[in-house]
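In the two complexes that follow, subunit A is the common piece, with subunit B as its partner first and subunit C second.
Now for the complex of A and B:
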């Protein structure tokens, strides 16, 4: 039985989801902490409902970005060298490993976005217009952050640099995603064009995905 | 013992960062051979195993493993035929022992039906659902041996295979080594235990200061 690329991707995704479910970092630490961060802002600036409604969407995206970086950092230190060696000697295609880790990270981030999004709607009274476009934005941001996190984790793991380098790489690279997400929301609210912002996010996702797949082998080498 | 060597290293050196870990290593291992590799702590034994496993590239010299050039992309094609058990287990502690093997089977492209049989063969049938992180070091090592039983390997690289194992497991490991050699594969056993490994190896080599003697 010859293993196909997507068969290996699926095996990696299933492994990571199972590990996360057992470990529970995302469920019991990251998501509640994200929700608490959103709760702290009204406490800090007061209960001005109009102001909260105005800044709410921006705060939501900032929290998503910051916790996306946090997820990236945790992914960077997730596999030990013996675990990486064992997977390599099973014949795991480095590109399949990259795609699998990205997909599982994107699933975690989508769950994070959904739960924290519900909290944000309740706390900031955020209005929802153009749910299809918003869903696409959530998907693109999750995919983009997952790709950036997985790629930078691979870069850090292939060098002698510590995982502290991951946020320094991911945070600035995620700025186009933050801009795209906030401008898409504002565009939907104000009724002006959002296509260029959506295309910006799509471009980020495609470029990082191509770089990640093409560099998966060289980055695995020492 | 005939045909092309399974491992052929000529003047190989390995650098990690600014340190020269291996230098001028010449080694040939034929099909059917069991080779014992000895050396003091820090002599470069683990690096030598990772080099032969194609996981690191030589900085100097040339070499082939299972016919694949160590410096070219060919080595990716032979990795699945190389099994390695290091002294730190390469399994995932959050998964159960059976789940670890199912993951290995799926990635390697072998049927997951082999998992139960492999666990039974290493005496872990009753511990299949135990999280690997809650299993003893010896059980984790047995799980790795189960993985090697499940996947058809031509070359086995074992780092201190006798450590943390009870008498039954040692017998199992030695049986696996003998069987692999009899099937025309090759086995490299890294150890400090010269008596035990000397008894099963066809020949032994010493790694001193990064060079084979």
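Now for the complex of A and C:
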């Protein structure tokens, strides 16, 4: 048994990363899928370079959000009841389990954001201004989506329609993050204030993190 | 033996009376100088939107109270309120679209208030869908309570969207720091009494819905207590040594 909150978090992160290294379904299937989605959009709406440059950032964030949904679906289908029972019997703090699963999801999301971001810059000729703020936005979106996905997976877990329900729950709840990310990018491009949008994303991340940690035990017990 | 669920009839009378008062006032109030009779849609649209907020706020309070106390009474309140809230959000959206077509020229526009209300509608549809995934009252209450708390993030976003963004939807008409935007006293009275009447309807619907949840729980208890034949019951073990 591993004692100490952060040691348990680390153990959960290591477990998830090891599982991903062995299976590779999230990074080796979903990332190419995201890149293909970026490739399909110009085929559907036309290949006007000016239009694509304009809508490219928005499309990128939508695809990141949808990937967040996929991470949550994958999380919900992987965390089976016997696994949860085994973790509980081993003395895993539910809050540590929640934080660990969130951190590993956030790592996957950051990798996805980076790779698909490079593809989006190449395909849509997206200009980059304010790299520090953009990096913060990427981090906040990854953290927010990971938190929402992990919490939603915990909510629906063990229910029969669980994984089918995840997209309906995650997609609308992630709208403030999508809005914050797109408005931050627009603000950086247009040279107007972005602090309120960054604060909106920070607020969402904090609220979901607090709810997730506080409700980890009651959710595990049912 | 569980006590019988009391069936109340007064909520139906209250609902009928409240709606009659709201309808009468909306009909006798004057037509708007610009919108004409179309303004009468507002006497249902505004109270419906108000009820949607109220209902989802009650869901939030019920969810928090359940998570703190573990008393199923709070979960019933949260669930009943969410159902009524989804109904009134749908009504507010539909009436808004009917009003928008002749006024704005389109059924739908990507206005911040409209879009956020639509998103809030889906959040609570998800809440109701989640509740249908299990019959276990404790698991259902715990899981939906977390979502009830999480979903409340949307309420301030919807309300303040018209303040944060300059969009087509008008800012709040009644609750404003410098007083209501409506000048005509009869129109204002009709709207305020409409909001009160709809709130009374909400309370009456809550009483009936919670009653229905109690009845549903009783039905489940009775169903589970009935002894049913078990597969293989008719098969008896062979006796050893029998010829």
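Here is the rule we go by: the second predicted complex is superposed on the first by the 216 of 222 C-alpha atoms of A that agree within 3 Å, B and C clash if a C-alpha of one lies under 4 Å from a C-alpha of the other, contacts with A are read in each partner's own complex, and residues count from 1 in each chain.
Convention: contacts are C-beta pairs under 8 Å (C-beta built on N, C-alpha and C of every residue); 3 or more make two chains touch, one makes a residue touch a chain.
Note that the coordinates shown come from a computational prediction; the quantities given were computed from them, not determined experimentally.
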| item | value |
| --- | --- |
| Partner chain(s) touched by A:198 [first = subunit B, second = subunit C, both, neither] | neither |
| Touching partner for A:208 - first (subunit B), second (subunit C), both, neither | second |
| Touching partner for A:83 - first (subunit B), second (subunit C), both, neither | first |
| Partner chain(s) touched by A:72 [first = subunit B, second = subunit C, both, neither] | neither |
| Touched partner set for A:218, first subunit B, second subunit C, both or neither | second |
| Set of subunit A residues, in rising order, touched by both subunit B and subunit C | 160, 221-222 |
| Residue ranges of subunit A touching subunit C (in the complex, touch as defined) | 151, 154-156, 158-162, 165, 168-169, 171-173, 175-176, 204, 207-208, 211, 215, 218-219, 221-222 |
| Residues on subunit B engaged by subunit A in the complex (per definition of touch) | 16-17, 50, 53, 55-57, 73, 76, 79-80, 82-84, 86, 88-92, 94-95, 99, 103-104, 106-111, 131, 144, 147, 151 |
| Complex interface listing, subunit A residues touching subunit B | 1-3, 7-8, 10-12, 14-15, 18-19, 22-23, 80, 82-93, 160, 217, 221-222 |
| Interface residues, subunit C side, partner subunit A - complex | 67, 116, 119-120, 122-123, 125-126, 129-130, 132-134, 136, 138-139, 142-143, 145-147, 149-151, 153-154, 157 |
